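Next come the structures, one after another.
Look for chain A in each of the two complexes below; its partner is chain B in the first and chain C in the second.
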Partner chain A sequence: MANKSVWSDNRFWQRSATWVTGFASVLLIWLTFDTSVQIAMGNDEDLKNGVTKRVPGPTVINYKITYEMDAKRGHEVPVIGEKENFFGRDDWSEEEAGALLHLGKLGSQAKNCMDCHTLLGNGAYYAPDLTKAWLDPAWGPNGAMQALTAKETKEEAMAEFLQHPDRYPTHARMMPDLGITAKEAKGLVAFLKHMSSIDTNGFPRNFGHMQGAINGK
Partner chain B sequence: MFEAFTDVVPSFFGWLNQGPLTLTIFLHTVIILPMIWIYFQEKKRLENEN
Partner chain C sequence: MANNHLTSESKQLATWYFTFAAILFGAQLLFGLVAAIQYVMPGFLYEILDFSIARILHINALVVWMVFAMFGSVYWLLPDETGIETIGIKIGKLIYWVFVAAIVVVVLVYLLVQVGPADATTIWFITEGREYIEAPRWADWGIVVVALTFVANLFLTGIKGKQTGIVTVLMADMIAFAGLYLAGMFFTDNISVDQYWWWWVIHLWVEATWEVFVGAIAAYGLITMIGAHRKVVEMWLWIEVAMLFGSGILGLGHHYFWIGTPEYWWEIGALFSALEPLPLVAMFVHVLYDWGKTQGGEEARGSSASVIKNKPAFTWFVLNAFGNFLGAGIWGFFHTLPQVNLYTHGSQFTSAHGHLAFFGAYATILIGMMYIAVQGTNGIKIMKHTKASIWGVSMVTGGVVGMTVALTIAGYVQVLVSRAQMGATWAAYFDGQSGSWFTQAMDWRLILGAVTFSGFLLLAKDLLTTGKSPVHER
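Moving on to the complex of A and B:
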């Protein structure tokens, strides 16, 4: 009788499948816990002590956020700087900031931002990615948006735009009026500011080099 | 082969992902190597049965 090939032997495939399935299961469970640590939100203490977290605590809205090239990592990273007023205050407590972010998150879900935009890469590709919208120079002191909305600060300009996007035709694909209230707009801006402080390993790629990413100039 | 660790939060997989020794290459290696071992074990068993 001719030797039976290992390739046609059931036991080889059974053992291989058991090994691959078992190893993959262990790996996925391990990766889940590994990711939990990576994406765990920091707190106010971390910010005060300058501990870098991938996702900073909600009180990051009290600080100035910039986007700077990290030569070692080869891409831009959000850098949390000195204190900065957010809607006239730089002393938002952890509870207040957390509540504001929560309102913004619920607002972004209720108004379905992802129907047009992407948040952290998730959503639709009709309108610009909002991951780093807070860092878009168009909203900065030299950008067009503060003058256009007749507001003095970035957060007020953003809040005004969100409440009346139909009044400011900034994009060929105009944002519709979604009936966002002043309170909701404040939450949404806080949500966007916090999101811009998340270290996304340089995503979206080359955002820092886009002059006025929202205006596409 | 090994480059300086630059991730924000240190982790085993983060370390593994630095440079050309990627996670993909590592995982394929550790999954395929035991299959080669299983192959030769089964081959030996079949030969002994004959």
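Moving on to the complex of A and C:
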């Protein structure tokens, strides 16, 4: 067997497969540790001190969020600005905001949101992406949805729509009534507002710019 | 089945798994049709069986029928490879019924309850609401028990019997496959963390462990159907494992471009996922080269007889070689670079890729295994095509390829109009969806979906009846 080439030796390929798989797995696990730290949710202190987190804490709902071009990074990033009322208050405590986000995230799963919509671009393609839905000009002061739902603020308009989507059709393809309660709707809107503050590396690109509706702070 | 030729209990259990897999395959196509109709006629079954529910059933039935057929394939080939009866087969059979019963309950709850209040009971008993793995938490634990029993059957048999290269690969692969499911069994308020681990299940299943599984099944098929040389086949298999895991594990990075994860995933995801088509080329070459080589050897001996012992199964295996490369490889590569994916992420492009990849990479070879089981069950020496098998394979394949083309066009419109031109808002989304190119593409998708379903009916008829057909050599 002395002159048999290693390239036609099954043991050689078996060992190669094992080493390649092991190396890739170790690298993935190492990167997972790094990523886990970077995507851990921030807290209220970070927000108060202006520390930027990829995933801010739940009290981000007390602040105005915009989506602006970052010249250095070459794409848009969420920018957390001044205080802003959310359902009439801008002093949601960490516990209250956390409970609201928890309810909203549970609701997003209990109602199977991602089997029609995409969240962070993942899900189904039957309805619009919700990644930056909070920043959609349609819900803003000049958009159609506040007038349609007869509400004064973005969050109330969204909550009203979520409770009775079949009353406010925007297309022949209508969202069904999923039995969302007033409390759940509030949680879902908090969840959407929080999601819009996540740094998604510029996805989606040019969001809402065609209407020129994101005016900054 | 009466008067069947199976003496192995493991193979009997395999036929049970294949039977339920085929039923779920039918259910998958049926609910896919409902969802396709809803794109064309949005009022169809509105607030009765909404798109979200139809789609859950469409993709869950897909995943589960494939898992059933994969388990069936392993139970089928184990006695051939190891030379012994599968150890613990009685428990394996019992667990099968537990698995079937659990799935029936989960499906009934999806259909009849659909959604629940925003609390933990919904997550535990109705739906987890996470695409592909919506099954409620109780069912997750059931799946863990079922998977552990299956892995135990495989390991005990592999250790006691002859441990071929194919069995070794399957043992390593199936334990990873089962273990990865655990990554999808927790709740978190942080959606970035949620999706990070969710992809460990979805991606590391379909772009790593399932692909390696296909490599092992293709190896088994080549040895049993055309008498390819084991030494050559298993060497290729190890090379494929190295290439598949080498590219697929870190190729996971292409799902981490936009979910809140750091920018370095752009480079890692782009590089490794761009390499993912390479092993699929290798698998394609492997199947066709071995076929040509074996047939050539036959002809060198002066015989013009075909070396293929199971024509319909081999047809599906060759389609797998093409379909895996085209659907997973080419259609995946289309939108895997971050520069492109920024616009295509979460569009009908993804859907086009999903349809051709799941069909090409998995449905084909698993249907091939069903034909191998029909051959074995009926004691057929050389199995030939029937009219139904030819029409079945042609219509199913033509239908899926046609749907893929239609969805690719729809994706193109969506990317240009909704994303690049209009900036991805709610209004932009519906502008894109209302364009005539988009709506026409959806009409064609529905028509070709109906062709696929008709092809499935012929395929099912053939699988049920071809065993008794006089065309085969016994």
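The rule is short, and it goes like this: the second predicted complex is superposed on the first by the 196 of 217 C-alpha atoms of A that agree within 3 Å, B and C clash if a C-alpha of one lies under 4 Å from a C-alpha of the other, contacts with A are read in each partner's own complex, and residues count from 1 in each chain.
Here is the rule we go by: a contact is a pair of C-beta atoms (placed from the backbone, for glycine too) under 8 Å apart; a residue touches a chain by one contact, two chains touch by 3 or more.
Since the structure is predicted, the reported quantities are computational estimates derived from the model, not experimental observations.
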Partner chain in contact with A:E45 - chain B first, chain C second, else both or neither: neither
Which superposed partner A:E68 touches (first chain B, second chain C, both, neither): neither
Which superposed partner A:N206 touches (first chain B, second chain C, both, neither): second
Which partner, chain B or chain C, touches more chain A residues: C
First, second, both or neither for A:L101, with chain B first and chain C second: second
Which of chain B and chain C A:E152 touches, first, second, both or neither: neither
First (chain B), second (chain C), both or neither touched by A:D91: neither
Partner chain(s) touched by A:D129 [first = chain B, second = chain C, both, neither]: second
Doubly contacted chain A residues - partners chain C and chain B: 16, 20, 24, 27, 31, 34, 38, 54, 199
Residues of chain A defined as touching chain B within the complex: 1, 3-4, 6, 9, 11-12, 15-16, 19-20, 23-24, 27, 31, 34, 37-38, 52-54, 70, 72-73, 199
Chain C contact footprint on chain A (complex, rising order): 8, 10, 13-14, 16-17, 20-21, 24-25, 27-28, 31-32, 34-36, 38-41, 54-55, 58, 98, 101-116, 118-129, 131-133, 136-138, 166, 170-174, 176-179, 181, 184, 187-188, 191, 195, 198-211
Parts of chain B lying in touch with chain A, wherever the complex brings them together: 4, 6, 8-9, 11-14, 27, 30-31, 34-35, 38-39, 42-43, 45-47, 50
Complex contacts: residues of chain C adjacent to chain A: 35, 38-39, 42-43, 46-47, 50-53, 55-56, 114-120, 122-123, 126-131, 134, 165, 168, 187-196, 198, 231, 234-235, 238-239, 241-242, 245-246, 249-250, 252, 255-266, 268, 342-343, 345-348, 350-351, 414, 419-430, 433-434
